[in-house]
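Below is one structure; the comments refer to it alone.
Chains: A, B, C, D, E, F, G, H, I, J, K and L, in written order; residue numbering restarts at 1 for each.
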């Protein structure tokens, strides 16, 4: 087994009607459908849409890190 | 009708005793009292005050974008 | 009494299983165990660990400011 | 007359179907409808919308500086 | 249907002999060959190569956002 | 009375022939002519003009925060 | 043949027990297993893990650029 | 004697009613009460409080570097 | 011949009445009058002057890189 | 036992005559003399002194993170 | 006469025992000895040396812009 | 003799086949051929070229500071 690993980071935007923590959970859940060995996330940016003077969606941009298989 | 719009962004600081999502909602609600066509927000900064060793207020600095009327 | 104060800022990382606001509260509570005159915090960075495709811990890096005693 | 001036900067987002220089011109023209003594602009951010795999609008965020009257 | 979407952002570098707007169009056109649901781009960096004392290529680094299918 | 406040931040550029602190004071004095509840400022940028090999004006860009009335 | 190319950049984290240059080499080697036309890298961030008071792994985050085939 | 030194940097906020240079001097004087081998400072941020439309305090955030004893 | 080169980067500001791409070309042309081995440029900042409510000049700040002769 | 930890980060500058990796190792070794539970470091800045036209010392500024005992 | 100018920016560090404004004046005076057409400066960084627990020198890093002759 | 000095900083890019520390040494050695009173360097950026899936050159961008003679 190698004594070092290599990781890849992708950038995704999760959204939620209820709040920023939930937007993060939604993004991670979506990533987990197709990527194995997810290990960490980093919040890059938080923003959202306003409709009729109220927050309609919170949007959180994340970098998500995962280990490259067999690395 | 014009084929392009112009938007203006203002910077506001919302606060809340309960949390950061609520501070965002408070700031947007305040903006909606006097500005029409609010479309999006961007979180710039999150901080807060501490009183007696506990978070007294969460404070979130936002840029709020709205369409300039008739633009 | 002096007409000016001096403050010190330290950098801490709070964590929580439930969300970012709670991670902030945990970090402030830990600081309050050993530091007096805590006055404000600033969020520097938000990230977290993922286990089995779900957020295991939210981690929030804060700067926490406090007044230097007798300054 | 004062030997110094004070300026204010506002943040606007201009858009254009044709390109970034035109988006800047559109934003400045919109500002000039309601503000006097415009003196300079600074590009903060360039982005755009994509529709059907093509750039639909270029969007340029500008800070626009103007002299405060009688300052 | 879900009440929230997840987006992915990729980073590409477009180039053009004629100018920066054209470099953006070239990059988007290339992305559109293989990716569906492209929604927006953000300019990250602009640079270029010089040959014989003249601009040979403008190079624009973009982040391009698209909706993850079925998210 | 509400248990939270909302603040607005504007960006101004003060100038002075004598120095950077004076440019800050000039900008605040100008803001105070038309805005109530000014609470804090943040220095964003310091620059100046040079005439005949000497500093002619110091120019300091500030963000100035004030409480929105009745918020 | 086209007179312009499009490049894609991915973000990876290489690690090494011996040092930062080696962490870069490990990351590039891992990328080269699955990606053709690698052309350049940019160091984004350098960090590492500490075990028993000593550096256990150096970790270097890189953006790695490659030419999109047939672009 | 070692052929290399290690330094520590702390972050402090000095304040002054009179100006930014004085706020720096106040912060350094406070640090010197309890820390030896102070060697340099770096200005991180300048801000201040406004009372009755005038600057009440200038506040300068500094990093202050000092040599760790016997390092 | 050496197996490595050393480059120098200078910072220039080009201007143009017509647009940002032209401001870049003007800056490079001016550099090429006195510097050999120009190889690349990087856009640092874009701004401009406004006269009578219209863009009078686009100004683009560039870093221009060239190989040091015989390096 | 708590289900969450709190970490503190300090900023140190390590130096070395031989290179940047060694400057990191020297800084960590110095920290390990007085701090337990060191877990990670982040490189903030790399610089150095030049004497007689040669690098005399490499200096690396690090943030070093450690777990607060009993947190 | 050309309808556009090209400017060059150089980076200098001025110092002073008395304060930051004076450090700026010293740097500009030094530049004016050898460069014509100096037009503006931008403050990049402020730091200083500490001797015996007091500020010994304020050091201000500036970019200084000047028009290239005959451009 | 003056009680203050003025320094100039230039930006150079050193390269090396073997590693980043060596790229720094190469850049400093090249500067020392033509500039006196070199005092310090600051690493701005680290990148490199990849050939055949391997690092061909490490490239380190530095700012190099030197004292202006007779200042």
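We take it that contacts are C-beta pairs under 8 Å (C-beta built on N, C-alpha and C of every residue); 3 or more make two chains touch, one makes a residue touch a chain.
Every value quoted in this text rests on a predicted model; they were computed, and no experiment measured them.
Undergrad: Could you report, rounded to a multiple of 5°, the rotation needed to superpose chain A's C-alpha atoms on chain E?
TA: Nearest-5 rotation angle for the superposition: 120 degrees.
Undergrad: Check the residue numbers that chain D and chain E use where they touch, and answer same if over half are used by both copies, otherwise different.
TA: On the two sides of the chain E and chain D interface, the residue numbers are mostly different, under half being shared.
Undergrad: Could you state the distance in Å from the CA-based centre of chain C to that of chain F?
TA: 29
Undergrad: What is the distance, in whole Å, between the centres of chain C and chain G, each centre taken as the mean of its C-alpha atoms?
TA: That gives a centre separation of 33 Å.
Undergrad: Compute the distance, rounded to whole Å, between the mean C-alpha positions of chain A and chain C.
TA: Their C-alpha centroids are separated by 23 Å.
Undergrad: If you average the CA atoms of chain D and of chain F, how many Å lie between those two points?
TA: Centre-to-centre distance between chain D and chain F: 21 Å.
Undergrad: Would you pick out the residues of chain B that each touch at least 2 other chains?
TA: Residues 10-11, 20-21.
Undergrad: Name the touching chain pairs, please: which are they?
TA: Final set of chain pairs in contact is A-B, A-C, A-E, A-G, B-C, B-D, B-F, C-H, C-J, D-E, D-F, D-I, E-G, E-I, F-H, F-K, G-J, G-L, H-J, H-K, I-K, I-L, J-L, K-L.
Undergrad: Would you mind writing out the residues of chain H in touch with chain K in their complex?
TA: Touch list, chain H to chain K: 20-21, 24-25, 28-29, 31-32, 38-43, 64.
Undergrad: For chain H, which residues count as touching chain C in their complex?
TA: Residues of chain H touching chain C: 10-17, 23, 26-27, 30, 57, 61.
Undergrad: Per the contact definition, I'd like the list of chain D residues that touch chain F in the complex.
TA: Residues of chain D touching chain F: 3-11, 63, 65, 68, 71.
Undergrad: Going by the contact rule at the top, pick out the chain I residues touching chain D in the complex.
TA: 18-21, 45-50, 53-55, 58
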